[in-house]
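Structure, as structure tokens:
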């Protein structure tokens, strides 16, 4: 039997992010699964504004087209840029790590809080959560006011713990969602220190993609995800 | 390394349903995963009313307590009776097949329709979909007016195809969800005939439970899923 | 003419709670009305988790079946366990004290706040309020972090006054709802001290049941509250 | 002990409507309750547009001010004109028959349909239902395209039965709400013929007002229903 | 070619408010546009309660009827009293300054906060925002606890700046909406001091009315804004 | 005084569409206003899928950056691609014709219906309407099953009239919104034939942009529309 092959599409241009996320995805999949990572060939080193989101979406579409023979795809940026468009190209399931993180949180807690980098990104996250129908499950979005490129190091842990504590004590959250792939490396420590689950979407999103594939579920071509003009 | 062990909890008293669903769950999991099925020791042969739902919920709590050492649990009735309560007992993830079916549909289509057995069950399904925040994703709920125990056989296929066709053509759905475990055996045929994905929740729910486990995600004990008085 | 006979169904096992609530219900009804109280024969002394809610729901169904000849029924626990199921069994109106308390608050104020016992119960209350469509009317839910069995005494008043003051001043509420039958004995004092209406659901719920009966309104058997299989 | 005194405020100028509704209200209250009816001194013979609603609201405020010593007030027009304003004037509870009809329907059914006179009134009714948070409970609004002054007679029954049948069969309603006081006289026949509950709000609204009064619940003066400038 | 003629209808009785708003409206329109202001002939000097709103609505209807030959109408009170009714009378577009202010805010920011006079008015504003479908865009409503007649002077600036700062820093707003015509005179200073846009609805509402007229768009007479009985 | 200069950004590559829309925009603005049209330099001849939307958004960002000195911008495609991103680049107001069309409809009717080209686009339109908070105002979305490039000609009128009639009669709409710039040329005829207002967003959107500019309202840089990294 053939085994599962996942393409991880990183909409930003930072190859190090791609590698770190491929590693996380692999560790969440069966041993015989393959994960290939692809990095945006142009665009931005991080995605923290709508301008950067638009560029990232175009890169996701381009990567999805170029690397067309995988069993499933993972859009590996918390904003899920180009997710719906990637689903139009073919039938292989496409999962976004933002959507995946939210879904995982709703399976193990009643109220999640999101920890993000910059305040300017809060409305877009709130809108996405509302778009997924999960506004009533979200206790709040907390901004660290530290950018993506300041995440991941040792001195990033303290602010995360402070933000998480506030989310649990003041907002009434029971589960945390990290809205940034670069935070994922600290998610285990955060979870241990605060004694609550911490969701980041990369590993769980890879698992979702695999589970869709295992169940023979592919993207519907009947309606809104039908082939775009000139494809298919 | 230890491998994944899943307990499938069937809230109705029909052992044949349990066996069929265990088989579906197994086929969606890695070869070394174990699935043990448990059937309600009292209650009803099928769950189609709130009275039956209440009895099924009590059975789920009892089975969750008695069989306490599994890696994850699957509540195997589309109404997800006792799902929140089962999450309070311990930290192992608990997934419901109704919730799982809805989530799978939102990953591969833009609008799902639900096909159910009796008209009397439509409001409860609509309320559950709304409770999950997915009302805007649901194109409608179609009732066959054929009970659970009339599903599964050869003559059940025609009405399902008719209902599915109506959902696609008139309601604008692109994906179908079968709101009854007993329909699951016909889901592949329905999908082939109508050329759209058909979701039933058993296999995908088992996969969700496995993915939560693979990612080290367990039920939060900090808030609304904390241990009940006298447990833990 | 026959006079109104109400059955008050207490889903917990504490007979003292039943007696206190029967007394409240009687004082809100005409002199010739009869109120009989029934206490769960098994289950939990208080209902503060979903596990306890599930057990209480099963008891409500059992009590509704056993005592089948009343004009109306009052489910006398703020979580309204088994309310929909009890409506399936027969045509006599069934009212829940949680639902009743919310409705009363919406008739005399623009924004209510709910005061409850434990923080762990806040998400379930929020979900119930949302389910009733009243999220926009609710200014917030405040938890005392004192359990049901710590309510009712003299030293319970101070924390209630503090919580109520916070709800009025910080959350913008104009009306208070007490989410616990055991708090009802202090509701009049709280109302006098804070000069706002305080709703508890027992007396008003009894009145709702009576008013439905006076108007000849009974539970619809046409749809979602139709008889369950094997009844009727 | 003093007994309950209710003022029924009819915002239209048709005294015959007032008399018919006073009679309905009385029959739903205890024998010693008094119901006095007041008819708008100027305005319109029926309220079917926003222009008429505005005039009716001003009349409700005027009548509430002039007749200030009742235990409770019933705004006796399905659009509930001036309801919030009347609550600002004093502490006596004020109930609207539209709101009352919706609440009664949610206590005895899972999905109600509203039957109204003219199509032009459908959006305003939908908006009111949404404002009360009950959009998810409403299966639809059906217009007869027969005006208020064409209701009540023998030839009004047939169209009501047709509309009700459509609401039950096509829209999935289990309970009917009549959005017009003048239809109330046929509500019992409609209920018997279709075998579902039919709610009109006059009798149940009177009962709600009485139940608020019995429970010592009065309008909150703390927030949005506080005294207007120059009153109180 | 004929030029645009706008009638500004002030529902309160303070002629000075009318003059100030006419001046604001003129400065936002082309030089050849005419703006005539009309002041309520009876009612209240300011509109801060529902009782006053009801009176203002009746005045709007009366002014709309009396002055029937304008190209468009502006209801010049933030509560938009009588807006829907005024639309029923004729086909000329009618805009409310409250609705206009909200719409302008949604075109230039992601989250607006509303600054109002009295706390008692907060629930009605929240309900109006929800009614317009903009609850998710509103970061909050802040009350100054200073009445309408205390606005406009030099000492009104400080409290507005404080409230605005709180809205930006604590509530996460990026745009401010002033819920009171009398605050409009300070809106430019507030905007400069806080470096965010400040919307008041008078000038933008006049522009909306003009733009509807320029595009040949008139009120639909087909449905809910059809002519009332006896008009048209 | 300088006069208003508007840049119309057409995200598709069809220069004829740009010209037609520039002409519509000009006719809705004062005589001294200037409208310059820009056409996407690469991408797709029409935008009917998410893949095409993503490409169009990138073109909008590029055109907004290149042509940076206008008083306001109009994103001239009904899907509003890149609208939020274009708002991040600078302070000049940016309006989308889709959003503009919806807003115009809510000012002159109570229920609008949208007429679009292909069924596959219906879910995306519904999601956009929901995102704007206008789901309750939308009576439905009707698809012609005729593509963008089949619009505009003489034989396009009949299907539009049929769809509009259905929207008015069956869905209860009172106002029509045309979800395609290429339909705009027939909007006047449609309006005359059906006697209801027909909104297309190009002229009204140009007017909105002008009105924001006249009122001195610019995009907030404080929050979610702040400058992206490396700009500003």
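For reference, chains read A, B, C, D, E and F in written order, and residue numbers begin at 1 within each chain.
Everything that follows uses one rule, which is that contacts are C-beta pairs under 8 Å (C-beta built on N, C-alpha and C of every residue); 3 or more make two chains touch, one makes a residue touch a chain.
Here the structure is a predicted model, which means the values were calculated and not measured.
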Selected from A-F, B-F or A-B, interface repeating D-E by over half of its contact pairs: A-F
Distance from chain F to chain C - Cα centre to Cα centre, in angstrom: 51
Whole-Å separation of chain centres (CA-atom averages), chain C against chain D: 25
Between chain C and chain E, centroid-to-centroid distance (C-alpha), Å: 42
For chain B paired with chain C, centre-to-centre distance based on mean C-alpha positions, whole Å: 31
Multi-partner residues of chain C (each touching 2 or more other chains): 84, 87, 110-111, 119, 122-124, 127, 135-136, 172, 174, 223-224
Contacting chain pairs - touch in the sense defined above: A-B, A-C, A-E, A-F, B-C, B-D, B-F, C-D, C-E, D-E, D-F, E-F
Complex contacts: residues of chain D adjacent to chain E: 44, 46, 48-55, 57-58, 60-61, 82, 84-85, 87-89, 119-124, 127, 131, 223-224, 226, 228-229, 231
Interface residues, chain D side, partner chain B - complex: 110-111, 136, 172, 174
Complex contact set, residues of chain E against chain C: 119, 122-124, 126-127, 130, 135
Sites on chain A touched by chain B in the complex: 28-30, 84, 87, 93, 95, 99, 103-104, 107-111, 132-137, 168, 172-175, 188, 195-197, 199, 203-204, 207-208, 210-212, 214-225
